[in-house]
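Heads up: the structure comes next, in structure tokens.
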Amino acid sequence: MSEPGVKHAPRRVINIGSASIGGESLLVMAGPCTVEDEEMLIATALAVRQAGALVLRGGAFKPRTSPSSYQGMGRPALEMLQRAAKLAGMSVVTEVLDTREVETVAENADIIQVGSRNMHNTALLKEVGRTGRPVLLKRGMSSTLAEWLAAAEYIFATGNDDIILCERGIRTFETATRNTLDLSAVSLLREITGLPVIVDPSHSTGKRSLVAPMSRAAVAAGADGLIIEVHPQPEIALCDGPQSLRPEEFAILMGQVQRVRETIKSF
Amino acid sequence: MSEPGVKHAPRRVINIGSASIGGESLLVMAGPCTVEDEEMLIATALAVRQAGALVLRGGAFKPRTSPSSYQGMGRPALEMLQRAAKLAGMSVVTEVLDTREVETVAENADIIQVGSRNMHNTALLKEVGRTGRPVLLKRGMSSTLAEWLAAAEYIFATGNDDIILCERGIRTFETATRNTLDLSAVSLLREITGLPVIVDPSHSTGKRSLVAPMSRAAVAAGADGLIIEVHPQPEIALCDGPQSLRPEEFAILMGQVQRVRETIKSF
Amino acid sequence: MSEPGVKHAPRRVINIGSASIGGESLLVMAGPCTVEDEEMLIATALAVRQAGALVLRGGAFKPRTSPSSYQGMGRPALEMLQRAAKLAGMSVVTEVLDTREVETVAENADIIQVGSRNMHNTALLKEVGRTGRPVLLKRGMSSTLAEWLAAAEYIFATGNDDIILCERGIRTFETATRNTLDLSAVSLLREITGLPVIVDPSHSTGKRSLVAPMSRAAVAAGADGLIIEVHPQPEIALCDGPQSLRPEEFAILMGQVQRVRETIKSF
Amino acid sequence: MSEPGVKHAPRRVINIGSASIGGESLLVMAGPCTVEDEEMLIATALAVRQAGALVLRGGAFKPRTSPSSYQGMGRPALEMLQRAAKLAGMSVVTEVLDTREVETVAENADIIQVGSRNMHNTALLKEVGRTGRPVLLKRGMSSTLAEWLAAAEYIFATGNDDIILCERGIRTFETATRNTLDLSAVSLLREITGLPVIVDPSHSTGKRSLVAPMSRAAVAAGADGLIIEVHPQPEIALCDGPQSLRPEEFAILMGQVQRVRETIKSF
């Protein structure tokens, strides 16, 4: 999967539990937008694990635009995530919003997520870096590649170089999709940095029907992984229902992206 | 290649010479940014035809930002395109800029291109529609999907429904690429319209190294075709050298996109 | 009105009938979005003339996003504009969309407008330049200042340097206003070019209540003129009713902008 | 200064030391980008106070894109700001970046600033709200008005309604200015909210020569105040030199904006 005449940066492989990212295999993270209820969470974890996802995603602290939107269950959700992941044989990725919660999140998560709204929150970047945990750094919604990599520098500067970059769509004038997924960024980042790059087709598009084609396109563009919202009953989800896949849709998608990955591996 | 639960619009297949677009096969258009010299054009046509491209692209009239940039060779280029295409067994796509040139271009081209800068040029849309020729309608660089489809309506309104939509990147704040390629648009257009949708990975990225990965991603997202800049010696090209593929790079790319297409066909 | 330490380009003053733009006085152009009916047009012309506008605006050919929107009355509107302007003692500015109509428009207008959707229409720019008439060149809705000035170069290259630049808002992610009015551009253009710069507060904001404050701000930023939509009964206007001022609102606005102009003249 | 037919929200006046904002007078905040040295700070404070600024701005904690840029002096700068402001008879506004520093900043500042990069940092918004101090909430660089007001809701929700909104330019495709100042937002916010709205012409434009015309335009658009970077020697400033005014330039500007304010007061 090399372009003629392009010298890519040496790849950095990061271990996540017994899995890894940045190497031969695609790493898929899946789960609900937010942790709502332990039973639902366990069922989702078992389903996505069986389909091939190795990391469970789920929000404990939610960065919502409005204070009247659901803000997440907080710390109890962290423990539920850990229990569900353990049962299913998965790792956990979850977001932290406040420097004062970083330690607690680090104790309960295998990957700490810094979300799009906090990409420029330098105090948080430093604190998260210091935990030594792998960090999933989402692109700010109006951040250039240069600014995104500068944000990663705040984490590097703490001595932590386990950074996974996540393209999640940028803000443009187009309103047909929630954001505009920038897949060129994925390929370009692979030229200029060795860090693993994953794609979030759920938040970027905001539409269930676009999650599968954008996942396939992301893998064809060279992404090292995907992070996908899955909910057993999207129609009653507390957040992001319109873009969440049902477990059976996710299983079909996993088969597709694995086959695209196999195809491009030989290039 | 259908998403679970998504009802796509019925596909419209458009015949282009002995080829077609919108059906089972990927249609690839390739050639130089601008027609510079007949010998070079013929060599390029033969090379891209051998690699599998069935339509020859090449600019006779160039819509340049500055009047001091090369404006194209004009009418003589149209005849050169026709001769080169005939020799190579291809069809011709070329852009028209002026209502007064539409007739001449229609006589010499199998597909008439309306470029990004003229997507809102309603006088031109109507005139091009009236020729009855298939039209390649590029997305305006800051056009929403709704506005793009409204521009297509100007062509439909003349009774011509042979319209090929071409995603070529939109203008955003990001400067690392020339434009931001919006592949979600490709998948979304396939839900809401039956028109063939192709992708221009050359103008959208402005970087040779991104043409292959974005071509693969476009095909994985469901594109019906591609339009790619190929030049035998990009370093001396009169325009768009930095994003033009050499014929041998194009041949590798063609193999890759055909294999991605095969892979997703079974989904 | 000079900034300490800033060397502005020498101002170019353009004569428009017995008035002028680019010099001491503010030049205001006003009238309906589109010519609908001669009686209404004359009433509007007399009213805006009395309030101080010296140029009558009105669309004969309308560049509408959709072919099912009203496209303008065409050539008969040009004659109505001329008659109304003559009656009121004004000059005429109107838009041309097609190279084949340039001559007719030039015969009937004192200023030929190239609209935002056609800023990149190089064939039209050249043809309009050749008439020798003053040209009102609107900024493309996603055009940088550099691209806008490059479009002006197409007109200069024909030997015509009577160009008035019109800032009319750019396309951004913000949806609270129709476009985002870029008043910094007005001041910056006055540093780097001597051409007169005017502002269109009607199209840029799309909201009647913002027309007056943005007109005042434009004048405070140094604009040489304004172009404003005025309609005797905005609620029944064929287009742009929500942003059209009633004649009595326009008269109040004229008083305000003249006073702001007086104030900043002494700086 | 009311538009015909527009019902504005009732104005909220906020007291800042012996001054106020949102009422009859314009409130101007001025000072260096970052606190560099006490002597320079005092000289700047005395100069801007004499010119009419009543609030001293200066960064103790700087949110820089790159970790290798100057990050600010931290807590010692807070005390220097307080001493300089006291000497000059001014209030202090300064930015906080970390929930753990909010208390310290609140003890040393009259207005706590939440910067553009942290507008979506909900943890910080809540903590800042709880101090009861007036909050200067800058617009996120790619935030819609609706999202900006939703961020203000996080502060309201703590029972603190002393919120000053600050327009500081949005991110667009235009690169001629650092950001695109959105003055329509100022007028529109005055219709839909009673909160005071100020404008930052320094960060939005990034160019010294544009600070004065954009300040005049902001006041003409109805802004309740301005926040302006002033440095005694911009050529050696640790940050934002190219957009900082010299004290004598600032004094001229103050005279101009006061006269524009007087002019529009009568409208």
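Order as written gives the chain letters A, B, C and D; numbering starts at 1 within each chain.
Criterion: a residue touches a chain if its C-beta (ideal position, glycine included) is under 8 Å from a C-beta of that chain, and two chains touch if they have at least 3 such contacts.
Everything numeric in this text was worked out from a predicted model, so none of it was measured.
Asker: In how few steps can one go from subunit B to subunit D if every step must land on a touching chain?
Answerer: Between subunit B and subunit D, the shortest chain-hopping route counts 1.
Asker: So which has more C-beta pairs touching, C-D or A-C?
Answerer: The greater number of contacts lies at C-D.
Asker: What is the size of the turn, to the nearest 5°, that moves the C-alpha atoms of subunit A onto the matching ones in subunit B?
Answerer: Value: 180 degrees, nearest 5.
Asker: Return the distance between the CA-based centres of subunit C and subunit D, expressed in whole Å.
Answerer: 34
Asker: Centre to centre, by mean C-alpha position, how many angstrom separate subunit A and subunit D?
Answerer: 35
Asker: Distance between subunit A and subunit C based on Cα centroids, please, to the nearest Å.
Answerer: 48
Asker: If a residue has to touch 2 or more other chains to count, which residues of subunit B qualify?
Answerer: Residues 142, 171-173, 175 of subunit B each touch two or more of the other chains.
Asker: Taking the touch rule as given, give the residues of subunit A at its contact with subunit C in the complex, in rising order.
Answerer: Residues 142, 171-173, 175 of subunit A touch subunit C in their complex.
Asker: Within the complex, which stretch of subunit D touches subunit A?
Answerer: Going by the criterion above, the answer is residues 63-68, 71, 97-101, 117-118, 120-124, 141-142, 147, 150-151, 153-154, 157, 171.
Asker: Can you name the residues of subunit C that touch subunit D in the complex?
Answerer: Per the stated touch rule, the residues are 3-6, 142, 144-146, 170, 172-177, 180-188, 191, 204-205, 207-210, 212-214, 216-222, 248-249, 252, 256, 259-260, 263-264, 267.
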